[in-house]
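Chain nomenclature is as follows: A, B, C and D, assigned in order of appearance, with residue numbering initiated at 1 for each chain independently.
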Amino acid sequence: MNNLSALMIFLLLFAAGSALAEDPPQSVVTEAAEELEVCSAVHLEASDTPEDAGGSVSLYWQMEIDGFEPDSLGVMRSDPSGGEELIVTLPFGTVMYTDQSADNGTEYDYWVVSYSGGTVGTSSNRAEAVPSAQWIYKGRIGMLIILFLMAAVIIYYIESGKKGRKLFIREIAGLAAVDDAVGRATEMGKPVLYIPGIMDMDDIQTIASIVILGRVARKTAEYGSSLLVPTSRSVVMSVAQEVVKEAYIQVGRPDAYNKENIQYLTDDQFGYAAGVDGIMVREKPAAIFLLGTFYAESLILAETGRSVGAIQIAGTAMPSQIPFFVAACDYTLIGEELFAASAYLSREPKLLGSLKGQDAAKLFFMILIVIGVVSATIGDFWSPLKSVAEFLRKLVTVN
Amino acid sequence: MNWEILGIWLGALVTLFLYSFLYRDNPFYKFAEHLFVGMSAGYWVIYNIENVLIPNWWQNMFPEGGGFDWVWLIPGIFALFMLARIWPKTAGLSRLSLGMIVGVGAGLNMVSFFQTNALAQVKGTIFSVASGGVWDIFSSLVLVVGVVSGLVYFFFSKAHTGIMGKTANVGITILMVAFGASFGYTIMARLSLLIGRSQFLLEDWIPTIPRLLGIGG
Amino acid sequence: MRLIIPLAITFTAGIVMILNFFIPHQPFRFLGENLQEWYMIVASGAIFLGVMNLMHVHTRKIRLKLKNWKYSPVTIIGFLVMFVTGLIYGVTENLPFDYLFMNMVAPMGATMFSLLAFFVASAAFRAFRASNWRATLLLTSAFLVMLGQVPIGAMLWDKIPLAKVWLMSIPNVAGQRAVMIGAAMGVVSTSLRMIFGIERSWLGGAD
Amino acid sequence: MADIFEKLGNLDRRIIFVLIALAVIIPIIFEIVFPNPVGAEPSRDLFDYVDALPAGSNVLLSFDYDPSTMPELQPMAEALVRHLFEKDLNVVGMALWPQGASLGQDAMSSMADSLGKVQFEDWCNLGYKTGGGVMIVRLGTSMSAVFPTDRDNVPWSEIPMLRGITNLESFSLIISLSAGDPGIIAWVMMAGDRFGVPIGGGCTAVSAPTLYTYLQTGQMVGLLGGLKGAADYETLVGIEGGQAVKGMAPQSVAHIVIMLFIIIGNVAYFTRKKKGGAK
């Protein structure tokens, strides 16, 4: 029904337009333009906005191009009770709108009117829609399943770790060097500098870094060397103070904890880099830890640290910054190794268990890639296998 | 006094002060560094007030048309808990805010990293290696082998010996080639920054010197 | 006991954020969107803690006449100048706060950033030595890409720019992908440990 | 002799700093311009593709950037527009970024003036439209529905050069100059993959590696990456002393300095190693 009326409007306008185009002299066209109606919206489509919390209808339309241009467009809506209302006025040229003010389960009629000189010129076809709320994003089901399975596997291994299952962990050079680095600082009577990245506490790399800070703080407390932690975020400073203090208490050296050593500098990326560079050249730390999220300042910090002769242990999951750490630091924790650090340093069974879970998840993805590539490749010659690859691609697609 | 020229001079002086660090630490650098830390901290406080606290909190709590939206008391209370750290007696309250911050961060990061870092990358690696010429096939194989062996390198719960060790070796090798390429590629962007600063000094600042001395235009 | 409530909040916030990604329905939509905003407000409000610490550290330095205390007033004055002009004039263009930002803070940031041009050079000189075959590969790939970036590469051999494109689009992509997929596993597992309270040392608690 | 290498191997990094500074400053002061030969690169691919288009073909040029990335992308825009005009192609400009429309206007109108091209007959600027990828899909069905008028509110029907254009398939090539999202990726996925229109582009150096993969899969016909890509196009089109070519001079010198240092470092390293081995 709607389509039919749209078609009729379109045909009418088309007829008017083509009749006009046949008129040869230009002066006639200008005269005719005055008789012409203001151009109207056509092909209006209304549908429930997919995958939302409801109360929303998406509208799409096109503009007729023959006719003179309206001053503005109005989106009209009527509900079953018959009440008509103008829900929004839009500038000419707009071709889509989302009505956020609808009620779920109500059947609405929509149409778009063109205003010209303050009066309604023409109006589009009517289109109806019933808004509703959805309980799941359909395009994310595959991801939900994989994520759930992974979480289950990781938690399973954590539990089995807790139960005392013996778990192996491979050598991670950067972490094996932590003791040496702290020990060296103690021998030289120089401080240890710990940089937890430049992002805030909501960043998971910062969280991982703070956990490692706890382990490093325990070592500096045991060895009796001082630990400096300049931070770029207030929240990180607060957490770092808490963590370091706790570490010193656990080792039985609460007296050695110095709150002033954990200080905030500035939220500014390069202001922070300038401040930390200053600390490096003046305090001359013997060991520097650069663990967390880093951006361009990574090399500014690492090169300055290098120039004061410190042992540097860096780690980040930012792919773009790893090369600079590799070039300027003695040890670099690459990507996932940063997240494995707390388990490695503490050797706690439940944390080692979570590493095992991560490995299982990686294995799953490796198998997925290999099966996907093999089936896609063979699928080029023998089509049934192509659908396997298609299925796998679909599984990991998130919309 | 011409404000524009003063601005150029201020900018040029702090630029030169900071560059002096390349020679070694010195009073000029110390001055500029301390100034930078202080001024940028002040800048970010104002930035946070103007761009977050007022529009996202205050104006939500007290909407323009009048009224009061109690929901926005919640973040206000959490923020107060955070600030309660100032006094030792109430410092424990900040843990509640930290709990919230870390919870939001952990939940958000988990899904976004999983989507963009894991699934999207896996998807990009599932393709047919049999298209194009010999060189294309070779390239595709390097890509797939690189990703898979790179992942083997990250295995923690198995010793890197035997076939596992060999694959992990291939992985770390490809990682090294990748890091080298990435390093070499970035140099250009870094030089552009230096070119920008040099142009500021040479083309904006130096021409003002004769003008200040009363020579030339 | 003092950790139970914070951990419960972490758990709730984390689960809500995860469900919000999969479930468009209320109340997850509302909670998810609000929690992110709340987080932003709390983190922004916390900046006062930071600046109080900054002021405390520097006044203490001056009081105790610690090393380099003479520079501490610079930080304090720098902060106050920005803070006060910001409060009085706001962030409108061409007023004092904006003027100071454009002519001092921004150039200082750009200058620190541009130090990288020098540091990439010194790092490359020192680190790119063919000490073993892996280091040789790192060096060769960096060298080829650098050659491919500038005209001299194409002058030497017109295939060098192609080698650059190949290195950037094949081994570089492979390496980045491996790092990213691995890191994602680390993130998922670390997040789970946080949300389920398995790792709690960040709250200052015993493990 | 060996002592020299010993010293070279442990060179004070400040010497490197001085040379880098000189490498950048001297070409700027003396406005040195180097020749910029173009190898078999993605920038040449784009040039060749444009060069082979028959005169009168329609090309859509999308300006998807803002002033912050102008140093890299504006020289590309100017060189591309010049080439398109010289080949007598019809250039339709538009933008996925709000400020891109006026940056595109600058490039097109200045080049049109110097080459005697007429607005609405040889080129036009449809302006900015929000919506990114979704909007591109709608361009695939009808261009005039999304752009009832051009940037200056001239109705579609009154622009002579647009008469033959109905949707994206009317174009022989789409070129996106892209600083991020929405940009080239949206064009490749929404216009290239769905409607089969060839896509070319220019991008910042930072995003080039991600986009190289589209070249490999044939989803793009060519790509200008960063300042080098812009300089390449300027050279190929034959612009003397263009902005990008000029900007390449300090880059080239500084790159050569760094490469020389890497070579010195390695020579010193091997000389010392040899000496150490002889002991």
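Going forward, a residue touches a chain if its C-beta (ideal position, glycine included) is under 8 Å from a C-beta of that chain, and two chains touch if they have at least 3 such contacts.
Everything quoted here is computed from the prediction, not taken from an experiment.
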Neighbouring chains common to chain A and chain D, by label: B, C
Two chains sharing the most C-beta contacts: B-C
Chain A and chain B: spacing of chain centres that average the CA atoms, whole Å: 14
Inter-centroid spacing, chain C versus chain B (mean Cα positions, whole Å): 3
Euclidean distance of C-alpha centroids - chain C vs chain D, Å: 29
Residue numbers of chain B (touch at least two other chains): 18, 21-22, 30, 32-34, 36-41, 43-44, 48, 82, 85, 98, 101-102, 104-106, 108-111, 113-114, 118, 122, 124-125, 139, 144, 147, 151, 154, 175-176, 179-180, 182-183, 185-188, 191, 194
Per-residue multi-chain contacts in chain C, two or more chains: 21, 39, 43, 46-51, 54, 68, 105, 108-109, 112-113, 115-118, 120, 122, 124, 126, 128, 138-139, 142-143, 146, 149, 168, 172-173, 175-176, 179-183, 185, 187-188, 190-192, 194, 202-204
Contacts with two or more other chains, residues of chain A listed in rising order: 143, 147, 200-202, 204, 207, 235, 238-239, 264-268, 270-271, 274, 282, 319, 322, 324, 326-327, 334-336, 340, 355, 358, 362, 365
Residues of chain D that touch chain C when the two form their complex: 11, 13, 16-17, 20-21, 24, 34-42, 208-209, 212-213, 215-216, 228, 231, 248, 251-252, 254-259, 261-262, 264-266, 269-270
Of all residues in chain A, those that touch chain D in their complex: 39, 60, 62-63, 65-66, 69, 92-93, 95-96, 307
Chain B to chain C touching residues, read off their complex: 3, 6-8, 10-12, 14-15, 18-19, 21-22, 30-50, 52-53, 56-57, 71, 74-76, 78-80, 82-83, 85-86, 92, 95-111, 113-114, 117-118, 121-122, 124-125, 139, 142-147, 149-151, 153-154, 171-188, 190-191, 193-194, 196-197, 200
Chain A residues within the chain B interface of the complex: 143, 146-147, 167-170, 172, 200-204, 207, 235, 238-239, 264-268, 270-272, 274-275, 277-278, 281-282, 319-320, 322-324, 326-327, 334-337, 340, 352, 355-356, 358-359, 362, 365-366, 368-370, 372-373, 376-377, 379-381, 389, 392-393, 396-398
Complex interface listing, chain D residues touching chain A: 13, 131, 134, 138, 142, 144-149, 153, 155-157
